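Please find one structure pasted underneath; my questions will follow.
In this document, chain identifiers A, B, C, D, E and F correspond to the written order of the chains, with residue numbering beginning at 1 in each.
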């Protein structure tokens, strides 16, 4: 029986037949505005509530802003930081600025993936992390796509080696249909794709689990919503994009 | 309750559920002739009328021409410049020419983003700006696309850090469906796309809010017009581009 | 009330609500064989007949050939050259050849945009030009696309600064749907696109005004013809390209 | 009244309203197997029969092979070569080989366009050529596309300057829809496109005159055949490529 | 009568008319999540059960993880390793780490294809391998696509020369329709493509044998499933992808 | 009356109106698995049986493997090699290996096209070859596409100059619709394209003669099969690829 980590996101664990298999490194891929950060905040927050310590690696935003973003959904991580079960790794400021001085885990040179790995390992060990989010890995190889596979491989060794179940946020362009390039797609244990499509003048949100090592999973595209309390996925509905689109209730 | 900045553009604030959340950095993306500059002039003008000081960074046109363009819609910013609540940052002339000598905020080398940032900070502080427009950010990395993300990140830190709610105009080619590249799309807090499409021999104007951090928003494509008094958006109509197109009145 | 320059091309000024707003720099974009040169000859000739002095910058053909081409439509510019109200700037020969020695305005090195600008300024001032055509600007950056925006910006400053209303001919490939690249499309005050499309075995000519600063304009694609007397545009017909095509009389 | 050069190809001159306007430089563009060389042989041969001396510049095949190819259609150019009204310019062998030693006009280095121009001028003057074919110009810039426009401009000056009416064969790939690139398409006075399309399991030959300076011309796509006596064009039929295809007799 | 190697994968040998012809080097090509690794584990395991020794070259995962992955399907290779009929070649760790020290076949520098070839030869000879899998070859030339053909040629010489029947796993991007590039596609003796397609909101698994030297094979696309016991192929059903999709029972 | 070389492939000579015109250099183009090598083996074998000596240039496989491949169809070339009417040129091994030492015609450096040409000339003269196959020419310029035209031109001069009728195998990617690039397509005297298309879940084999200098030929796409006795073409059937496909018996 495979050990599973529940995302806690309503509807999501049904789609995953019970949750993400433990130690998997999952690529969470999507264009701008698809809800990747919210999904990963919610994954960490639900972990904290269930007793899973967690680490968030901030590459796109100031750690202070990350905490504010989370609190807008009612997810206040500061008590967990104080009790030592949650940590934000600051790979954004480079340690520059007043606020940055108050951060505990700072990657001085975010371009240095080895250094990032070291700080990440320290944070995981300190809090005894079970869940990790890196938001986003794309930033690490945006200017050097040839390094994508090597970077993801290195992170995977750390994340899986230290026993965490992790999400790597992968930013793709709004016009791109892939998941972040061949080197990345094949290296991940799982791929969840979030989509925002304009169909006949309406924006439609849906997600699909493209692969997930160690478990069967829904083979359908499901609608989801972003609410003031986070993401809600509808495991019993399927989105059929084509001419116009239909959301249908599924039989099974 | 999120603080909001009203665009004042008829119909636009309904689409945004009350306005742009304060401190957001919004990418205003569109092809040639879509009305990006008019939208951003109108945003600043409506701010001035409500008591929000503002700054316009001119990268595409001579500051003198910017004032003329605005006055053609009846928006005379000179009184506000005199009373110190509005400023144009000249990042166009490089300080060359008679007219340029009369400008107060001049970026000597518009290719130097750091210098642009410094002049921008000075202008924002001097007028106590609540609203800023940069027209356009694309110019800053047109010849160096690898710098796009870094440039937008730098501006975002200044604009958000100083408490302004800002619009970054993003020029895309008429044949391009994205918003300005992956580095830019993901860095912005919001994306508003203006479109001009030829459908069956007719040019059709529409806009869509693709993302907006901190608020729900219309998930539909809405028609708009450019009139002699500026832009009017129709929040109760939806544009369905497909074979031919339809503009329908929506129920909700 | 905006000052306007009438093109004098039958049907065209109706489409432009009375003509091109004065001082606008208009991109006239189209593939091979679409009639760009004829359109711009006709624009200058109609100006001369109404008393507007003009300048034609020849980058694609020998000045002698330009005069022959124009005379084939009955437009003999030589009397106007003699009385000093029309000039051809020779940016084609580099001053090499017998005929070139008889030209008054010669750009010795057509690759040197600064030099071109100087000769252009001289010609505009000498004849007191109200209308200018550059045929084509594409030649100036064909081999150096990164220079496109800078080149167009420089010309725009001269042309608009000296009070002329001008047409920049932009050559695009027969398979290209854009107007000449992002740097160029956004820099122009107006864009008129001429098209030649094969539809169901027939070649169809049409034009569309994509943008025009300072005026409303037809938002439709109109058919036009090239006759022995020049171009005739049909403002009361619309071309709907799709499966096959239809030319319809419009109601309004 | 424009002077015209009759191609003599059955049906072709009707399509051109009487022939190619004198001194025009015409791009004859098409993919492999479309009949470009046959069209240009026939153009020269019909000239010889009507008393127009001609020059063929061989860049793709050995001059000996060119003469054999022509003779397969019954077009024996050797008598005309002997009487000095026809010449083949050998830009293929570089003067290497026994047969090459017997050629009169040899371009020692076919990569040197200036040298090609000099030999071409000599041949044109010697035979008093009225018609010239260069088969193909594509070879001259295949490896250096940035030189395409300059090369065509140089040839155009020679060909038009010496009073000839000429055909430049332009090879495009079977998958390419253009005519040979923007620099070339716009430089030519005329463009004739030969096509070979597979439609529903059948190969269909058709041609279209895309542009022709100095004359009106058919605005339709016409079928043609390659027979043992050369090309026959059907000016009263039109090819409509779409789903399947139709060849229809036209009314006018 | 051609000698054949049975894959043992239910349904697969029917499709191959009895199995893979001996000594063939087969490209197993597919996007992320298509089941390439599972297919190749199953191929080796079934060999072991029938008495065919085998070698697995691990380029994508730690040898320890490979054994775990296989055991999740009930395929425990350790007894075979102990008795000397199965070997994992570690081309993943570079010999770094505790676990790696326990591996017998280690490629110290996985970038060195010559070295990989030497270790591979040693392992094949030691176990007397009949079946070999390399997972994946794509990794060997991801950063140097110009080397793809040479790499595959070198491996082919070893694999075929030593009498093995082998599978080269080829990773392609989710958006790529080819099999891994021209140099690779033509070099392989056989190509099996695994696909995962989203059709109308459902993920569909299918495979097709594109070529297989030395045997006739099914010319149809067949559905397959991934179960807890490995892959099951349905030789009597065909997948027709088009608008929506159909899975039909075939007559023959 | 043009001299013709019969391919001897059932159905193929009907399509070619009697065979390939003598001395033509024919490009045989197709993706992986389309049967290019089988077609060319069969062409040579049928020649040997009719008394035409032949040469096969092996660039993709070991000469030993080539002989095995041919024998699988019952085509044993060894007696012809012994009697001196058939030769394999080894441009694969570089002379390395035991088996290679027994080959008579070895190209020591297959990257050196000049050297290849010399060995080819020697082999042609020795056996008095009437038919030559080079499998494949693509290999010669895979890594240096700019050399494609020059390489093909050089081979063409040798092959045609020595009086042979030859086939150049051109490998294209499975996703490529061309024949091997513009430089190659135009240089060949004939083009035969072999296709393998997936249509509605079924693989369909067909071929089309795109061009053939010196003869009329079928202008249709014909189905063919690969059997244990080689290729069979159906000249009286046509393949119409479209939505689904149809194979129809043709009237003429």
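One rule holds for everything that comes next: a residue touches a chain if its C-beta (ideal position, glycine included) is under 8 Å from a C-beta of that chain, and two chains touch if they have at least 3 such contacts.
Worth saying up front: this structure is predicted, and the values here are computed from it rather than measured.
Path length between subunit C and subunit E in the chain contact graph, taken as the least number of steps between touching chains: 3. Chains that touch both subunit B and subunit F are absent from this assembly.
Distance from the centre of subunit B peaks at F, each centre being the average of the chain's Cα atoms.
Taken over every residue number at the interface, the positions common to subunit A and subunit B amount to under half, indicating a different-residue contact.
Taking each chain's centre as the mean of its C-alpha atoms, subunit A lies 31 Å from subunit E. Separation between the centroids of subunit A and subunit D, computed from CA atoms only, is 61 Å.
Among the residues of subunit D, none is in touch with two or more other chains.
If each chain is drawn as a node and touching chains are joined, the picture is one closed loop, every chain linked to exactly two others. Order of chains round the ring, counted from subunit D and going first to subunit F: D, F, E, A, B, C. Of all residues in subunit C, those touching subunit B in their complex are 2, 146, 149, 177-179, 181-183, 185-188, 191, 208, 210-211, 213-214, 216, 219-221, 238-242. Touching subunit D in their complex are the following residues of subunit C: 31-33, 60, 69, 72, 136, 138-139, 142-143, 171-176, 196, 198, 200-204, 243.
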